[in-house]
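Below is one structure. I have some questions about it.
Letters A, B, C, D and E mark the chains in the order given here, with residues in each chain numbered from 1 onward.
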Amino acid sequence: KVSEASLSSVAPVFVVMRFEKNGNVTSSEKKKTELYQELGLQARDLRFQHQTSITTRNNIIILQMESLKAIVTPECLLVLDFRGFGLDKWLVLELGPQLAGEGTLVTYSLPFEFRALEALLQHRVNTLQARLNEMHPQIMDSLESLVDPKILSADRSKLHMLLLNSKGLSELETDVKVFKESLLKILDEDELIEEMCLTKWTDPRVFEESSLGIDHAEEMELLLENYLLQAEELGNNTRELKGLIDDSESVIFINLDSHRNVMMRLNLQLTMGTFSLSLFGLIGVAFGMNLESNLEEDPRVFWLVTGIMFLGSGLIWRRLLSFLGRHLEPSSPPPIPPVWKKGHIASARGTDIKGGVR
Amino acid sequence: KVSEASLSSVAPVFVVMRFEKNGNVTSSEKKKTELYQELGLQARDLRFQHQTSITTRNNIIILQMESLKAIVTPECLLVLDFRGFGLDKWLVLELGPQLAGEGTLVTYSLPFEFRALEALLQHRVNTLQARLNEMHPQIMDSLESLVDPKILSADRSKLHMLLLNSKGLSELETDVKVFKESLLKILDEDELIEEMCLTKWTDPRVFEESSLGIDHAEEMELLLENYLLQAEELGNNTRELKGLIDDSESVIFINLDSHRNVMMRLNLQLTMGTFSLSLFGLIGVAFGMNLESNLEEDPRVFWLVTGIMFLGSGLIWRRLLSFLGRHLEPSSPPPIPPVWKKGHIASARGTDIKGGVR
Amino acid sequence: KVSEASLSSVAPVFVVMRFEKNGNVTSSEKKKTELYQELGLQARDLRFQHQTSITTRNNIIILQMESLKAIVTPECLLVLDFRGFGLDKWLVLELGPQLAGEGTLVTYSLPFEFRALEALLQHRVNTLQARLNEMHPQIMDSLESLVDPKILSADRSKLHMLLLNSKGLSELETDVKVFKESLLKILDEDELIEEMCLTKWTDPRVFEESSLGIDHAEEMELLLENYLLQAEELGNNTRELKGLIDDSESVIFINLDSHRNVMMRLNLQLTMGTFSLSLFGLIGVAFGMNLESNLEEDPRVFWLVTGIMFLGSGLIWRRLLSFLGRHLEPSSPPPIPPVWKKGHIASARGTDIKGGVR
Amino acid sequence: KVSEASLSSVAPVFVVMRFEKNGNVTSSEKKKTELYQELGLQARDLRFQHQTSITTRNNIIILQMESLKAIVTPECLLVLDFRGFGLDKWLVLELGPQLAGEGTLVTYSLPFEFRALEALLQHRVNTLQARLNEMHPQIMDSLESLVDPKILSADRSKLHMLLLNSKGLSELETDVKVFKESLLKILDEDELIEEMCLTKWTDPRVFEESSLGIDHAEEMELLLENYLLQAEELGNNTRELKGLIDDSESVIFINLDSHRNVMMRLNLQLTMGTFSLSLFGLIGVAFGMNLESNLEEDPRVFWLVTGIMFLGSGLIWRRLLSFLGRHLEPSSPPPIPPVWKKGHIASARGTDIKGGVR
Amino acid sequence: KVSEASLSSVAPVFVVMRFEKNGNVTSSEKKKTELYQELGLQARDLRFQHQTSITTRNNIIILQMESLKAIVTPECLLVLDFRGFGLDKWLVLELGPQLAGEGTLVTYSLPFEFRALEALLQHRVNTLQARLNEMHPQIMDSLESLVDPKILSADRSKLHMLLLNSKGLSELETDVKVFKESLLKILDEDELIEEMCLTKWTDPRVFEESSLGIDHAEEMELLLENYLLQAEELGNNTRELKGLIDDSESVIFINLDSHRNVMMRLNLQLTMGTFSLSLFGLIGVAFGMNLESNLEEDPRVFWLVTGIMFLGSGLIWRRLLSFLGRHLEPSSPPPIPPVWKKGHIASARGTDIKGGVR
């Protein structure tokens, strides 16, 4: 609240990097009020409130893509407040040359605003793609080790990594969606596409030319559609990756459950053994009592009883084990309907589909 | 039912706070019948049945946002029934100054209805945002402690907190959706946007001016679109948070399952030990019987049998443990297809995407 | 099939309750053929095949809402086949007075068909709302007791109740959806809205008036939109309640799993104790054998061995317990990335959002 | 591949059943080439590649509904390749009479193509409904026995039945969706509806009549809309049934988990007992050793030690059980916020909704 | 980066296979610059950045379907960069003959671009269908063995196979979606459909003919719609298969849980037995102590105590087992509401639906 008060008393200052049409790049500081008077805009046009937006106002394109705030005029591209977001390197090493025609822009034969817009949109798509590219191997690595059927319990650090990346994917999905919507908002209205073609309205010479040969609006539509498609492919990849995580989670659960069942059966088998030993051990305990059984003197009885104890335990255990075996698998398997075995979908309907247009 | 009867006999009374264009703020009580005759409305126009609605009627904007009921005319803003909802402070300390031009409204250069609408919409968005801001740290805190891989069982109070916040998120999601829909309903019809510009129709002077310079309808569209975008960002954040809860729940389950498997293996290993001891203990029990084995006199036999008991138990246990180890991990791991290892998505398709518009 | 045959030979009979414009209510039986000739309709117009539909035909509104079948003409409202569905009370006690202007209809100043339609739509919404109101406390009650972290196993009757209510919610959701769609079908076509205003076409006097002052079609649109909004709020509440059930199920599972883990740990700790006792008990068993150990005579040996047995068991158990403690919590907790702790969403993006339109 | 080759050399033959306008039914074989020349169609119009499609071509309606392939002209209805799909009975016993006006078609006063279309669409809806009707009791039966809280483990045959029916529901859902889409494709374009009214274009007399009284296109729209609504109701029922299966699965899991927890507690209680017995049994084992304790001669010691063993076991067990009881239920239940208890949705928001349009 | 640099210095070269209208097939290498000058295109038109796209530019159709890049002119079809993707066989053995009229194309009577387009679209649909056909049996096989109720733990290799195929299905779903969208983009705009009919604009003779008889645009729409429908059927099948996997996973979990519950009950029963034996074994241990009980001399006592031990164990065990039985099934089953038993959906609502249009 304090900072707001001071901000309203002192006019805010933008750090501006200016890319001229002819390749000149200058960097300066400008008061906000100066800037918007210079550009013929209103104060509210330069508020940059939203994460992603592309608007035109008074024959100027105002564009925000997360930390990148840019203003495109027919003559130059201004990038505002670029410091501290790691944009500097890209601005100097890539954007400058691209706008000067040295890069590999598709639109280098078109007016300046096309080149600027393409460079900015491509930067945005590349940033989003880079986020996916960074998460992709981590996710695959986490999943690969978690899905591994040999493991008895999930690796906690991998799990944590997966959760973080899962969160990252959701955020990426939202950002791609917002980017797509901001492009769609323009593509849905022909009027807005027209407004994006700045040179068409300022430079009569170009306008005439365009009324003959290339249609600027059509080129703009193709340019935006191109990035819409790229964003959609990015969105599809993100969605597939999320789906893969979901599927893998089911597999992880089945794995853990399977392990548990296997261990439980082993445990049960041993419990059966212990029970058998306890049961027949009771005979031994009985004969160990300081009570007279009148059998004490007969030397064969020792071996007889010992034999009964061991053999009896063994026999009972075997019976219990075979009982367990019978108990776990149903005596008569339920008759599996033939429809399932024969691959119903493929046979009953696939044939129609395979046919195609013959 | 009783109150309804009495309400129909006695004309209902509104407590009204009136914000004049010139900054005057007055508060009074008015009979409902008086109020709507004064405004040229019909009784049914002031029923405020829905949670969220923005309508125009007879050049007056009637707006309801949950407990906030407001009427905007070109001259003044009336807030109805504001008591008991905690609105008083905001009305006096924020809304008054904002309308008087002291605040930081974008539209302070535009007619009164723009300022009033902006202040009300901003209040609504801030209220919704505040609900998210309140829940966000609680949810993150609950999740953080629940996801913690060290915990063996979920903390019940955290779980309860999470459920409550989950419910709160669903409600917030609905409210944001309803708010967005009420804005979209207006934005979808140009006619409705025109009707929102009250001054345009009442003040010919302004209307002329607007037909020259600034288009009121366009400004209104920008204003509403702005809040639509903010509501969408809010909705996106809510959705992401819900997604995070879902993802975390999977992780919680995997954690709990992992713990269980680890404990089950330990339990199984000990059961194996106990079984081994029982088995060889049976020898001891046998020799403890009061029966003659003819070995009683030989002093070496004691040590022999005792040794057999302990060593035998140990050996059998070791065999069982190594059997368990072999049993749990498959002897030959299933050959993992290379397609998975190599990161199919990235290699086979990512390259096309990375390229961008070159 | 038999009844169909007899139905086609004998003309079917409708029990009709007739609400005249002037408040008269009469009830009679009418042959279907008579009825549709009287109204100028065709046989197929009175089939009432669908659960919910609102159609106009020959300046008559035909409306079906589940068991309520009604025909609205500019002069009267006919309710057909009302017996046996519990509608009688509503028809006599509420609908009659409402149409006679005694109730609290919004549209009592508008032509008869508006009042009839409002009364019918309000009845429908109230019926749907009543179903939700009935299920809501039952669901909350079931969930409250199921979510209770103290319970070890889910209460079966509550669970059954929840399943039944869950089914009821799905059906309510469908009915609300169908109701909304039948309203939307009319609202989407201006022509259909016009057709709903019966009086406009039959009474030239009213038509002229309407061409001056109030626009009937606009009032009809507002009326239908009003009920669409109410249905949407109902749908939102239903959806939220279903979401709450889903969220609660996760919590129930986590609770049950947590209980299980806690019990399993206790079990494991006791198994450790039993193992320790078995291990050192073996010493006792060894000395209990009727074999000569040459230690029999020394009285200190008894206390020594007994001490070893008890102390040894205790020590081993303690080691095992501390091993379990170490085993369950990882020695070095995975370094939790700071991004999670600091509440990434709030800090990195929330600030942009909070700002609003400044 | 071989059959394709032979099919192209030899002209394919259709088995055709012909229903004339006047009620005549004839059945014959026709070469495909003959057929389409006779009807003025092209070869590709009679390929019937898709599962469900309704198209018009050269004033002829070509319709395919899974195995039912039909051609409707203003004069007759041709059903092609009807053998081997169980259609014969329906064709002879139902379709014939219906077209001859004996059935209960809504459209029997309208031109022939209406009757034919209605009969075919009704057959399709009935077929789809029959599939649902067949699966519905099986699913309810399976669910009822699986949801039964008494069962400890799921009945495998019921489970298998449920899976098969679940698959069947998915297929039914797809078929209903495809059917709806094929109707919607026509309903979305007025031109296509017009084309469906064959008689309007061929019989000038009827056309004039229609331009006066009944509008054929409107009747066609009502007919198709009617079946669209029926398909939607069918789709809603299918969706609800799938939802019920999902909800039931949660209940099954909660049931199985509850059983497990109950058994685990019993197991734990017994393990506690066994542990207590082992612990105090060790005393007995100690005194059973052939070592001198100098207590051998005192007859009271026997009863003392025996008493300690039994009472001690009992006491320790009791302590452990009460410890378990305390451990499983938290000493201080988490304070449940009042918002949940009071039924927040109903109280805070329901009141607004209940009000309706008063 | 290095390869990019070299690519920009050296003009890229396309390997081109050319299918002339008259059946000639030639294969050559062409510089990219030559190619686009020859075709009157711009450099950026031949970038093939997206996975799937169909565009027209300067009366030429440019089409990309994953690895297949094709250019259709009214005179010939060029396939670019076809090597290394396994397309060679299809190009030579199928595409050539099809375009020459030997195949079974629907459009062989229409201009060349129709035939080329049909052949390419059919290839695409066949490729997608082949992917589904390949995965379908594998998935059914995996599911069949995993769903098998006899198995105690999931087969890991089957599970891994399922996960891989699940991933494959997601990718197929995306590809089908993208294919559908690229067709829909054209079908949604009449202008684009017109542009696809190349011959119409180049060959006046054909154009006149078309203005009389067959409408090219309509044929093009039918052709594209046909493949849209096929893609939709493919998408439906993919979706059903994913649904089947989901349903099966639930069944797998229920199976594993059921097995676990059965084993746990057996385990519990044996633990009960062991407990009983321990309890009564304690008597034996007591009498085994070297302490005087004064019962040593009575020979009947031995048999009495032994009998008590065995019978007592047995009796206690039986009591515990019956307690378990009572504990697991509730004494009074919850009264199942009749609504569920009677099949509510079918009876209360199904009757309305079954009726149909009577």
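Following the convention adopted for this analysis, a residue touches a chain if its C-beta (ideal position, glycine included) is under 8 Å from a C-beta of that chain, and two chains touch if they have at least 3 such contacts.
Bear in mind the structure is a predicted one, so any value in this text is a computation, not a measurement.
The chains other than subunit A, linked only through touching, hold together as one piece. Two copies of one chain, subunit A and subunit E, form a contact in which under half of the residue numbers belong to both partners. The best fit of Cα atoms from subunit A onto subunit D calls for a rotation angle of 145°, in steps of 5. Here the CA centre of subunit C is 20 Å from the CA centre of subunit D. Subunit E has its Cα centroid 32 Å from the Cα centroid of subunit C. In subunit E, the residues touching two or more other chains are 4, 44, 47, 49-51, 104, 106, 149, 156, 160, 167, 171, 226, 230, 233, 240, 253, 257, 259-260, 262, 264, 267, 271, 274, 278, 281, 285, 288-290, 293, 330, 334, 336, 340, 345, 349, 356-358. Those residues of subunit A lying in contact with subunit B across their complex are 4, 8, 44, 47, 49-51, 53, 104-106, 118, 122, 125-126, 129, 133, 136-137, 140, 144, 146, 149-150, 152-154, 156, 159-160, 162-163, 166-167, 170-171, 174, 177-178, 223, 226-227, 230, 233-234, 237, 240-241, 249, 252-253, 256-257, 259-260, 262-264, 266-267, 270-271, 273-274, 277-278, 280-281, 284-285, 287-290, 293, 295-299, 301-303, 305-306, 309-310, 313. The part of subunit A that touches subunit E in the complex is made up of residues 104, 106-107, 147, 149, 226, 229-230, 232-233, 236, 239-240, 243-244, 247-248, 250-251, 253-255, 257-262, 264-265, 267-268, 271-272, 274-275, 278-279, 281-282, 285-286, 288-294, 320, 324, 327-330, 333-334, 340-341, 343, 345-346, 349-350, 352-354, 356-358.
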